[in-house]
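Structure below; questions to follow.
As written, the chain order gives the labels A, B, C and D, with residue 1 at the start of each chain.
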């Protein structure tokens, strides 16, 4: 461990805001790329299910 | 998979012992996930006048664009003089005369100037003669946007007299042409076929010409001789 | 040999096969990528030593560099996928090219944003017309062009081909653009305050970077697979295998609900 | 055939002389917006003149690109051209040549006037004209790709800048700094060499790509 304690880890020697902002943005974009397709997939499957039900009746 | 596998064409010659000029094997055309036609086979011979018929939306113009090589969304093979079309595309295009739904006639050029670029090898007196044949004598120097719709179409039709191409593909050539003009045009088409040409056309007119019909839109495509 | 290759080619073009194989691949990529990312990020954030010039702000490198690298190579991948689609008429290849565009653009945006944030403590300003930031901005514009063409053309097949062509032309231009921007930058930069790293990075700083780069690549594969599978489902929604798949899911969820 | 096409297109361009003037007028208006927006101070204007003139030239060329294939697409002549036995890329080259003659070349002639208005230093005029002569064909060539891709689209006019402008950036950088170098009295031979090389590259790639783009656009 490079840092002595948690608070110095968060402060990053005064550059904490920049580092954490960058990692936050990275997490956001990673999350969008993971969640976006998952939501689309759910929607597509729901649409196909609805189509199937419509055909059964 | 729309990968084309090139087979050799196995077509039988017609009654005159000729081999087909333009053939299709297993053509399939899809538009917006709807199959317009599939398993379409035909052999067209020199001397034929072929009318592509069928109700609206049956794929008449799609078939024409496929034959012209302007459409990529199809499966199946085309053959030109028995050879795969992809290898013969230059030969095919140099023997093709196509009159489209849109004429390609520029409004800000005169009739003569329009024809001069369509048929660069034609001499001016030949162009004048062709324009006279389509009944545009005296209109040669007029800018075509001053002409009527029918006259503009006649400018495009004058190409039939200028270029010496064996294959004619005509999309609705009789639109906006008066009765007299239609019967003259029919004679031109017959003469071209008798001279060893092949004419493929679509039209809503009742032709007084012996034609083969390529029916689209039915379950199976048939090609009876009328 | 040739027939086997041909069979593989046909298989790869088949959406069903792609769907099945990509489900498997994406699980593996997800696992490997997550391990790499976790170790890389934790190591980079907490264990790597601070840079002697930039202090702790250099830790941004572990997201900035992978994002930049990936968004550049994603553009090339998109162009190659498009080329394969155009030349060999492989439909799945077009699908891959199509789904890369938004992912690559998002990574370019991430790279620009983290670059700007890194610039603040290093240069004292959010944005400088540094060669790398500028060429990344232009890369983002190139992505915008490709995305715009997908949006503008309604016919799927036409849109795929047009976008593939544009991506290919763009990728031919990338070296020219990069070269000219770098040249322009050296000409106009009054004082050279580039982010020049030391020629040799200490291994304890360098290894986590390698880990995050590979981790990002793995995750990128997961994203591409996920979007491509959506495209396949949408395109093949009328086929039997998709219907069977959906029905099986329905069935499973009903049983799960009962238990 | 190609000569007939060239003749026809030049004749068409000549018949619609009004349209020919539009990019030129646009060029002049854009360039004269800068003194109003930035400052009339000759020293300041002189220092940005090279960039302003080149950005204006870029936009003017872009504006006229939309017309490269549009008219022929709408009346069906483009179809006829693609059905000719000659390779479509030669046809594209003719179209590009005409576009350059009517939209690119005039910019090179009017640019010195704008240089005077914006207070460009004396040394900048020669590289300005040379760079315009050497680089406007590149603009037409690259633009043909965009024009080919967007020819069938209703919203094509808005899309084109997005597709093409990023590819114009190397031209802008080298051309504008060639003028800058001329102003400072240093050699601009290297810039010209780059512009020439880029022209050669686009001359090889662009007609092929634009012909492919046209085939894609017409395969509805």
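Assume a residue touches a chain if its C-beta (ideal position, glycine included) is under 8 Å from a C-beta of that chain, and two chains touch if they have at least 3 such contacts.
No experiment lies behind these values; they were computed from the predicted model shown.
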Which two chains are joined by the greatest number of C-beta pairs in contact? A-C
Could you tell me which chain lies farthest from subunit A when each chain's centre is the average position of its Cα atoms? B
Between the Cα centroids of subunit B and subunit D the separation in whole angstrom comes to 38
Chain centre separation in whole Å, for subunit C relative to subunit B (CA means): 48
Please work out the Cα centroid separation of subunit A and subunit B, and write it as a whole number of Å. 57
From the mean C-alpha coordinate of subunit C to that of subunit D, what's the distance rounded to whole Å? 33
Per-residue multi-chain contacts in subunit A, two or more chains: none
For subunit D, residues contacting two or more additional chains: 216, 219-220
Can you list the residues of subunit C that touch 2 or more other chains? 157, 161
Using the touch definition from the top, list the residues of subunit C that touch subunit A in their complex. 41, 45-50, 55-57, 59-60, 63-64, 67, 103, 106-107, 109-110, 113-114, 117-118, 120-121, 219, 222-223, 226-227, 229-230, 233-234, 237, 242-243, 246-247, 249-250
Residue numbers on subunit C that touch subunit D, as the complex places them: 86, 138, 141-142, 144-145, 148-149, 152-153, 155, 157-158, 161-162, 165-166, 168-170, 172-173, 176-177, 179-181, 183-184, 187
Once bound in the complex, which stretches of subunit D touch subunit B? 1, 3-5, 7-8, 11-12, 15-16, 71-72, 74-77, 79-80, 82-85, 215-216, 218-220
Of all residues in subunit D, those that touch subunit C in their complex: 145, 149-150, 153, 155-156, 159, 162-163, 165-167, 169-170, 173-174, 177, 194, 198, 201, 205-206, 209, 212-213, 216-217, 219-220
Subunit D-touching residues of subunit B, taken from the complex the two chains share: 65, 68-73, 90-91, 93-94, 96, 98, 100-109, 113, 116-118, 120
